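In what comes next, subunit A is part of two complexes: it sits with subunit B in the first one and with subunit C in the second one.
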Partner chain A sequence: MRLFTLLLICLLPIEALSRGVYQQPTDFINDVFQNNPPAAKRLWITGERKKISNDILGHPPRSLRVRYWGQDSRTAWILEEIGKEKPITVGIVINKNRVERVKVLIFLESRGWEVRHDFFTEQFKNIGLQSNKELDKSIDGISGATLSVRALKKLSRLALYLHSQTDFAHDAS
Partner chain B sequence: MTRHKKNSKPIIKLRSLYLWHRYIGISAALFLLVLAVTGLFLNHTTDLRMDRNFISNEQLLNWYDIEPPQRTLSYATPQHHATLVEDKLYLNEQSIPGHFESLAGVIELEDIIIIAVDKQLLLLTPNGEVIERINNVNGQRALLGAIGKISNNIVIQTDDFFITDLDFSVWKKASKQEILNIEWSYPTRLSRKLRQQLKHDYRSNILTLERVMLDLHSGRIMGNIGVYLMDAAAVILILLALSGCFIWLQQLRKRRHKKTTT
Partner chain C sequence: MKYPNLLKKSVLLTALTATGLAQAAAPTPTLEELWSVIQAQQKQIEQLKKKAVRTDEKVEATGEMLEQQVANNQSGHGGKGKTSIGGYGELHYNNLENGDGSKDKEIDLHRFVLFFGHEFNERTRFVGELEVEHGGVEADGSPLGGEVEVEQAYVEFDINDEFSAKGGVFLLPVGIINETHEPPTFYGVERNPVENVIIPATWWAGGASVSGNFANGISADFAVHSGLKVPTTGSSAFRIRSGRQKISNADANDLAMTGRVKYTGVPGLELSASLNYQSDITQASGDGADDATLLQAHAIWNRGPFTAKALYASWNIDGDAVKAADGDKQDGYYVEGSYKLTKDFGIFARYNDVDGIRVQDEFEQIDVGFNWWPHEDVVVKVDYVDRENNNDGDRDLDGFNVGIGYQF
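Our next item is the complex of A and B:
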C-alpha cells in the first residue's frame, strides 16, 4: 500500500505539488513582527501615487487602498500581482528604504513556481529604488519563470515606492 | 513534317498545363487570401491585443453556440445592485475584475459599497473602483454566508456572527440582542433591462478575436466542412506549386532545346 501511495505521488505532475499556500499572510506578518504586529495602516493609491504605481506595474493597481504594517523604520506589505493568469501573493518587508525580505506566500500559477525558492528571493535583499523607480541592482531571471520573476520585481519596486510614501520611510533618515 | 510533329506534342501539353495551372490558381486565390490575411493577424496577436478583444456580435456568438448565462444572483442596496452572473461580478452594469464563485450580499456604508463574495469583502466606490479586498476576514477561511449592518457597523456570518466597523481591524462576536437587530442583505430581482444588459455583457466577454481569427485560418469557423475546405485548399496550393515548377522545367527544357538546334 505504501509503495502504491509513493508511486501515485511520483506520478503527480511536479507543478501540482508546487502550487498552493506556502504561508498564510497573517502568519507572515506575525513572523515579521515576532508575534506582536502593530495595527494595520492603510495607504491610498490615488493621484500621483496611482500614476506611479501604474507605471511600475504596467497596469492600474488592483485596489485604491493598500494595507500595511509599520514599526520604526520597517514596513511589511502583502501584495498581489498576476504572473500569467493567476495572482501571486507576496510578502515584502522594507527596512530603511531597502528590501529586507521577499517571500512568496501564495502561488496559484501552473508555471514559474521556482520563484518561491530562497536562492531566488535572496537576490532582493538590500535592494533599493532608484529615482526612476527601477531597482538599483539587477535580478537574475529563471528560465521558464519569466512572468513570475517579472511579477516579483514589479512588486518589490511597488513595495519600495509605497514604503517611501509612509511616515516610516522618514524614520530611517 | 516529322520534325514539326515531334515539336507540337509538348506545346499542346504545355498549353493545357498552363490552363490547369491558371484554373487551379484562380480557385486557390480566395483561400490563399484568407490564409494570408488571417496568418498575418495571427503573427501579431499580442501586439494587436487580439486575446483581449472580445466579440459582441450576436450572430457570431450564436454561431459559436455561446449560451446566455444560467446562474444570476443579485443583491441590492437602495441605490446599487451587486450581481453575480456565472463567475462574473457586476456593480450595477460595471464588471468587477476577477472570477468569483459565490455572492452573499451587499451593503452600503458612508459611500462605500461592501460586497461579500467568496471568502472576502470587496470594498468599492460607487463607480465600481476597488478600494480594498479584505481577505481572510477575522481569520475565517470559510465562505461568507451573509452580510448585514447594524447602525454603522458591518456584520458577517460564517460559522458565527461577527461585527466590525469600516476600519476592519477589530472583529467581535455579535451578541444575541445584536443579532436580532441586524439589517441583512437579501437576494433581489433584477430589472428586465439590467438583466438583459448583464447577460449580453457576459456573453460578449467570452469569444476572443484571436479565437475567431484562428478558426478562420483553420476553417473551423464553418465546422468540419470548413476544415475539409481548407484541406482541399492546401492540396490545391500543393498542386499549384507542382504545376508551376513543372511548367518552368518544361520551358527551361524547351529553351535549351532551341539553343542546341540553332
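Our next item is the complex of A and C:
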C-alpha cells in the first residue's frame, strides 16, 4: 500500500509542459541562416520526383510539394515521417550535396525517444546519397527504436534527393 | 497614339511574312487594319497573363488546403485522426523430431495481434493490444485451443519533457523481447527460450509506473503491479511461466515491483538491467515459497550489418518447499550474433542455456537460420534448432521451423 501511495504521489502532474516540441521549425530555420533566412521556396513532388520519393519513403509522399529554404549551396528542409504512430518532425540541412545537420524538432512517439539526441543524429553528418538513393554510410540503430531510426534515415535520404532537384545542388567551393 | 516608324515597318513586314503566299491573292490589309489586329492580340495576351496568375493562385490555394487536410488526418499506420490501429502476426510451421523418435509437425497461427491507440490530448493517450493466440478459442478447447488476451490497456500521461506515467495493464520493462516483439524485429521463428522459461514473456501486469528519459541516453522505469501466482503443486509446481495471472481476477495479496535502468547513449549500444521483486510469489503464506527476486541484464551491440546480443536472467526464490523441489534458483542466458548480408537478408546463430524447474525446461539449445524481409515490415524466417536436454535424452529435439510475420 505504501508503494502505491508513493507511486501516486509521483503520478501527480508536476507541470503541464509541452512535451515533445524541442525546437519550433521557424526557430530552426532562423538558426540555420543566422536569423536572416531567404524566402521559402516550394518543390512540387510530381512525376519522377514523386516516384523516387515514394521509393525512398516506402509509401506515397503525404504532400504535393515541399517547402524549403536555399542559399548558395545549402538548403534547409522541414520534413515529417511517422515512426510507429505519430509524425516525427525533423529539420535537415544539406550543404554541397551532403548532410550538414539533422535535428529532431518535434517527437511525439511514446518510444524511440533516443533518436532526438545529438549522440544519435551526429551520425548523419557529412553523409551523402548513392546513385541507388541509399545513404553512403551506415547508421547504427537503437534497439527498441527501430521505427524511429528508420524514419530519420528515410527523411535524410529524401532531403538529399530533393536537394539534388533544386538550383542549390551545385557543389560550390 | 503615335508609334515610331521603325516599329510600324517591322510590324508590317512581320504581318506580311506571316500571311504567306496563300493570302497573297487576297486584298492587302491596310496598316490600320493590321494595327487593330495586333491590338486585339495584345489584349488577349494580357488577359491570358492575368488568367495564368489566377490559376497559379488557385493551385497554390489547393496545395495549401490539401496539405492542411493531410496534416489534420496524419496518424499512425492505418489510423485516422486521433485514433490509430496497428498490429502484427506470425504463422509458424514446425518440423521437429524428439529424442525418443517421435515427431512434432504442426502449422500454427501463433499470434494475431491488433493495436489500438487513442490520443486524448497532447499529454494523455491510450494504448491497447488485443491478442489472439493459436488461432482462437472455443468453449471446449477443441479444435481451437488458443487464447484471447488483452496484453496492454493503459493510459499514459506525460508529466513533463523527461517523465511520463502510466496506469492500467502494461508490459513489464524486463528483457529484450518483452516490450518489443513484433516478428520483423528479431531473428528466429520461435522466440528465444530464455525469455520464455525464465522471463515469462510476454509478461504483462496491471498497476502503475513512472518512466524517465534523460538527455545522456539513460532511462529509468519503476512499476508497482500485480504479481505472479506460481502454483505449488502439480506438474508445473514453482514454474515461473505458470504464475502469470493475466489480469483475470488476479490475486493481489502480494503486489510486485519492477525497476529498470537502461543506457543507450552510444549509437548501436544498449545496456540494461532490471529487477523484479515480489514478497510472496504464490500469493499465499505458509506454503514453502515466499519472496522472489528476478535479476536480469542484457547488452546489445549493433555496428553496421553486425549485431550481438547477450542476456542473462536469474530467479532466487525463498522457501523450504521450493528449495526442496530444486526450484529456488532458476536461470538462463543466451548469446546471439547476426549479420545482414544485404538490406533484406540476414543470418543469425544463437546459443541458449536454460535451467528452469521442470525436466523439459533444463536444456541447451542452438539456433541458426535466416530472416528475409521482402518488405521492411514483413519477414520470412527459416531456422534450424538443436536442443539437448540436461537430464532426459528423450526430450532432446532437433528440426527446422519456417515462419512468416508482419507488422503495420
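Keep in mind that, in the parts below, the second predicted complex is superposed on the first by the 151 of 173 C-alpha atoms of A that agree within 3 Å, B and C clash if a C-alpha of one lies under 4 Å from a C-alpha of the other, contacts with A are read in each partner's own complex, and residues count from 1 in each chain.
The definition used in the following text is that a residue touches a chain if its C-beta (ideal position, glycine included) is under 8 Å from a C-beta of that chain, and two chains touch if they have at least 3 such contacts.
In this text the structure is predicted, and so the values were computed from the model without any measurement.
Asks: First (subunit B), second (subunit C), both or neither: which does A:Lys50 touch?
Replies: Once the two structures are laid over each other on A, A:Lys50 reaches no partner at all.
Asks: Kindly classify A:Ala39 by the partners it touches after superposition: subunit B alone (first), subunit C alone (second), both, or neither?
Replies: In the superposition, A:Ala39 contacts subunit B only.
Asks: Could you tell me if A:Glu114 is touching subunit B, subunit C, both of them or neither one (first, second, both, neither)?
Replies: second
Asks: Is A:Lys133 touching anything from subunit B or subunit C once the two structures are fitted on A? First, second, both or neither.
Replies: neither
Asks: Which partner does A:Lys96 reach: the first (subunit B), the second (subunit C), both, or neither?
Replies: Neither: A:Lys96 stays clear of subunit B and subunit C.
Asks: Given the touch rule stated above, what does A:Ser63 touch, subunit B (first), subunit C (second), both, or neither?
Replies: both
Asks: Using the superposition described at the top, determine whether subunit B or subunit C touches more residues of subunit A.
Replies: C
Asks: Overlap of the subunit B and subunit C footprints on subunit A, residue-wise?
Replies: Residues 42, 62-65, which sit in both footprints.
Asks: Which positions of subunit A touch subunit B when the two form their complex?
Replies: 24-26, 39-40, 42, 62-67
Asks: For the complex, give me every residue of subunit A touching subunit C.
Replies: 3-4, 7-8, 10-11, 13-20, 42, 58, 62-65, 80, 82, 84-87, 108, 110, 113-114, 117, 119-120, 123, 134, 138-146, 150
Asks: Can you list the subunit C residues touching subunit A in their complex?
Replies: Those in contact with subunit A are residues 63, 66-67, 70, 74-77, 79, 84, 86, 117, 119, 122-123, 125, 127, 156-161, 163-165, 167, 176, 179-180, 185, 208-210, 213, 215, 217, 219, 222, 224, 255, 257, 264-268, 270, 300, 302-305, 343, 375-376.
Asks: Subunit A touches which residues of subunit B in the complex?
Replies: Answer in residue numbers: 97, 123, 125, 129-133, 135-136, 139, 169.
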